[in-house]
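In what follows, structures are represented as structure tokens.
After this come two complexes, each holding chain A, first together with chain B and then together with chain C.
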Partner chain A sequence: MTFDVVYGLSPLLVVALGALLLMLAEAFGKPNPQGLAPTGEVSDAGAGRAGELGMGAAVVLFVGAALSLGVWLAGPDNLVGLELTRPYLIWDRFTVFVCFTLCLGGGLSCLLAGGYLTEHEIDRAEFFPLVLFSTVGAMALAAAGELLTLFVALETMSLGVYALVGLRRTPRSSEAALKYFLLGSFAAALMLFGAALLYGATGRTDLAGIGQAIAAIGQGEGPGAAQVLIALVLVVVGLAFKVSAVPFHMWTPDAYEGAPTPATSYMAVAVKTAAFAVMVRVLLIAFGDERLTSWASGWPPVLATLAVASMTVANLVAGRQSSVKRMLAYSSIAHAGYALVAVVATIRSPAAEGSILFYLLTYTVSTAGAFGALILCGSRGKEAVSYEDLAGIAKRHPAAAMAFSLFLLSLAGVPPTAGFFGKLYVFQAAIDAELYVLTVVGLLNSLVGAYYYLRVIVFMYMREPAPGATLAVPMRSGYVASALVIAAVLVIALGVLPNVTLEWAAIATVGRS
Partner chain B sequence: MEQIGFGIISACLLGAALGVVTGKNLVHSVLWLAVTLVTTAALYVFLNATFLAGIQVILYTGGVITLMLFGVMLTRRDERVMVENEQNGRRLWIAALAALGLFALLAAATFKTPGLPRTQAEPTTTDAIGRAFLTEHLLAFEVLSLLLLAAMVGAIVLARRHDAGADARGGL
Partner chain C sequence: MPLTSVLLLSMALFCIGVFGVLSRRNAIGILLGVELMANAVNINLVAFSRFQGGVVGQVFAVFAIALTVAEVVVGLALVILLYRSRKDVRVDEANALSG
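Then we have the complex of A and B:
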């Protein structure tokens, strides 16, 4: 039994242990003189501490992903004693699938950071323990089945990320970190307020208990009904902030742009994935009552509005950006909108939960890949951020341009990439749930989205850099390259053979009451 | 008797809170905030939550307020830092409207819920809270320790003096 419990929780434990070890390694390891040299050329051979620790962190996270896969295959329900962690951590297939996605996204971001921090001479190897701590929080958040655990996990995930955003001490980076921190704390406080009201109305802190109590409060006017509604609003606002849905997205472009690119990649994939997981669980278990899931008197119309706003606003604004990094930030808001469509679809379609999980996985590999390709296109002193920086990159570094195009096509949802099937299953679930308007809005938005993704490809392949402009020299890094290879293989594999993964995602449900 | 005590404490709390937002000097605002936090602790005592009251005084008045005062006083020599708490007419109205809206919402919720489940009369002891932490909420407690560790690492990352990095040249 003990073995089963440890094995079941192993993804969480391995990453937590890895975080502690890396922290010690970072603190007591020898400082790398080469990385500190102000003028020294940083060669591949002396990739330095950031590189080594990045490799370590990535290995820990990939082991976490592999163990998640193992636990998924063994089936968490078959592991004796694992149900003892309930209701604090609900370790079911849904959680394990999300853990896999989180570890994968975190691992890719760490590999990117291994190359990026070295190239840009940022001697901040604390990056890696922070990512690992944050990932532990994210996994606990995805598993949380009780309000206290949920809040603690949410804060563990966020605190690490706040520090990651402010890793570079440029004014822009500090501003981004401060904005994100203040708004994030505010959103967390709103959510905590909602949790307190929920406890007040129901006397329970576990989600399942809250769900039963709300069902008992029942039809309309009983005591606590008003409190429950206000709590619902506050919790949805807090979660909408974390997934950066319009109109709670104001921080996203600034924070994404100001953060070092590997941190942006981590925020875009892991934070969003964990927030969607907990959103599905809270809405379906705590607020899964018949009245609150009905179209007339519950959360579906609110979330549908958020979805439409996120997709439309983000896609329209993304097209007008001159910075590719900012464009990718808006694109991540738009993707939150597509995923919200699937969240709404959970009310009537049993396949919707699986489609969210599959979508988050495809989104993770495509987004981490896109940010990685962006990192690869620039080098020290000249990061590639604008469309002009990317002009003609196909001639200077064909491999980077190829990889970037692949990930952008996947984000745009062009077959046969992963992104196509992610979107396809989300819209299928939406049609299943008879959400025709949402489906049409989503499809139209995919078309709008294709414009700005393709624009990058046009710049890379068909434009020449302006004469006299400083050229962004593509960097050479084994770490970034290996991350891109992993992401590219997954994008193609999920695009060509989506069936197995999708079937796995479909079995992984939150087990609503 | 209880009603009178509650009234006095609430009046103090409201007055101090007004002092925080209307104070022209940042130091005064921080000191008013300390009063607000102490009176909140008094309210907790009224609600039989003595442990919470103690924590409130130790953590907020003792720790957070002291830190804030240090922060204000250490930075006030710097002319880029504004110590005055300037009031902006339009923002004041927006803030007032938002506060009133939230108040109306919460008041409506309070009046619409007549029969809330009453908590037990005997105070929750520190002993019971400690036990709950190490039995029932052990997992949250463990995650909490990681949270504090992450917070410390993050604080060091942000506070560490900048070294010969390339950030100044590195674009963005």
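Then we have the complex of A and C:
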């Protein structure tokens, strides 16, 4: 019994324990005199050890991913002891799949940070415990089957990320962090109010109980039905903020651009993945009743509008950016739009949940890789930011350009990369669910999106840098290189042999009634 | 006191909070707005708990208070961070990032 619980929750427990150990290692370890603060003094005990602490954090997260795989193979349903954690944490195959994705994305970001923080002299070791604690929150959020757990997990995840964004103490970074924080806490407060109304209308706080109570309230015109409707709107708005869907995306480009790039990568992959996981669970379990999932009187048309707006607006604006990092931020908004198509498809297609999970996995490896390649292309004082910085980099540093191209092609959805199959299954699920308009809009948007991804490749391979321009010089770092190799292998593996992963994703459902 | 009047109070508080967030230009002001919203939630939770019986709502409220406090700690730290680098906490003046 106890073994079941400990083994089942081991990904969560290992990462939490790892975070505590890293904090101790940071506090009691000797500062490395090589890595000094820009002012020339040792600012904190962890300074100058970003490399080794990053390695430690990455190892912890990859162990978490391996344990998720182990739990998956043992089958969470066979671990009967896990019933004990219900309804607070619902540890089913859906959760375990998301945990794997989160640990993978977090681990890649930590490896990137191991190289990046040292190179750019923001050697602040608190980055790694923050990432680990935030990942613990993200995993609990994906598993949350009860409103209270959901909020504690949501805040655990978000608070770490707010601090990560403000890690670099420049005006831009602080501004980004503050904007993200203000909008994020506003969204959390809206969601909390929605949750309170749900509790008032149904008298329950577990999602399954809320779902049953809402089905019982049914068609009624009474105050209960109105409360449920207001709660639904508030919860959807709060979740849309977290997945950065248009029109709730205003913070995204700013926060992504102002944050140190490994933190951007972490936000783009882990926060979004966890937010989508909780969105699927809340919508299908708590708001899964027949009336609320119908096209006429429920959430599907709202989410469909958000999906179309996210894809279209983000793709159009992304093409006009001059900063590659900002372009990738808009690209992540567009990808949230594609994933939202699959969320809408869950109403009629049983395969849609699996397609979301598979999509999030492919998105995680491609996006972490793309940000990693952007990190690799720059070095201290010569960070690659704009398209011009990348001009002609293929001639000077073919490996960096090749890696970047691979991840961009995957994001654009070119076969045989992971991104292609991710998109394919999402659109297949949408067609299954007879959402033809959404599918067509999504396909058209993929074409528009290809423009700005290919533009980076054109700059890298076919342009010469302007005479006298500061050239971006790629950094040398084993950490960044190894993260890129891992991501590249996964991008190609998922693109060439998607079947096993897809079969696994297909059986990972939230078990709606 | 009937449930409706408590709900009206919390709804009014919530709306004042939302108005504060949307209209204030000072980061501290926005933070105060978010706080008002969170307190409206707490009033709601405790009222529902009292009128429906059971303590879940009260437990929820205690957790919500703790979460809000944690949030404010991080938020004020970020405000100080911004103030140190810009000597100003008005968010409409903070426009280094745009486009």
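Definition applied: the second predicted complex is superposed on the first by the 498 of 513 C-alpha atoms of A that agree within 3 Å, B and C clash if a C-alpha of one lies under 4 Å from a C-alpha of the other, contacts with A are read in each partner's own complex, and residues count from 1 in each chain.
The rule we apply is simple: contacts are C-beta pairs under 8 Å (C-beta built on N, C-alpha and C of every residue); 3 or more make two chains touch, one makes a residue touch a chain.
Computed from a predicted structure; not experimentally measured.
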item	value
A:Leu84 touches, of chain B and chain C: first, second, both or neither?	neither
Touched partner set for A:Lys179, first chain B, second chain C, both or neither	second
Which superposed partner A:Leu190 touches (first chain B, second chain C, both, neither)	second
Partner touching more residues of chain A, whether chain B or chain C	B
First, second, both or neither for A:Pro171, with chain B first and chain C second	second
Which of chain B and chain C A:Ala399 touches, first, second, both or neither	neither
Touched partner set for A:Arg326, first chain B, second chain C, both or neither	second
Touched partner set for A:Leu130, first chain B, second chain C, both or neither	first
Contacts of A:Val458 with chain B and chain C, given as first, second, both or neither	neither
Partner chain(s) touched by A:Val152 [first = chain B, second = chain C, both, neither]	both
Where chain A meets both chain C and chain B, residue numbers	148, 152, 155, 159, 162-163, 166, 169-170, 172, 177, 197, 200, 203, 257-258
Complex contacts: residues of chain A adjacent to chain C	147-148, 151-152, 155, 159, 162-163, 166, 169-172, 174-179, 181-182, 185-186, 188-190, 192-193, 195-197, 199-200, 203, 205, 253-254, 257-258, 321-323, 326
List of chain A residues in touch with chain B within their complex	16, 19-20, 23, 36-38, 85, 88-89, 120-124, 126, 129-130, 133-134, 136-137, 140, 146, 148-149, 152-153, 155-156, 159-160, 162-163, 166-170, 172-173, 177, 197, 200-201, 203, 223-227, 230, 257-258, 378, 380-383, 385
Chain C to chain A touching residues, read off their complex	7, 14, 17, 21, 27, 30-31, 33-34, 37-38, 40-41, 44-45, 47-48, 52, 54, 56-57, 59-60, 63-64, 67, 70-71, 74-75, 77-79, 81-82, 84-86, 91, 94, 96-99
Touch list for chain B against partner chain A, complex	105-106, 108-109, 112-117, 137, 139-140, 143-144, 146-147, 149-151, 153-158, 162-172
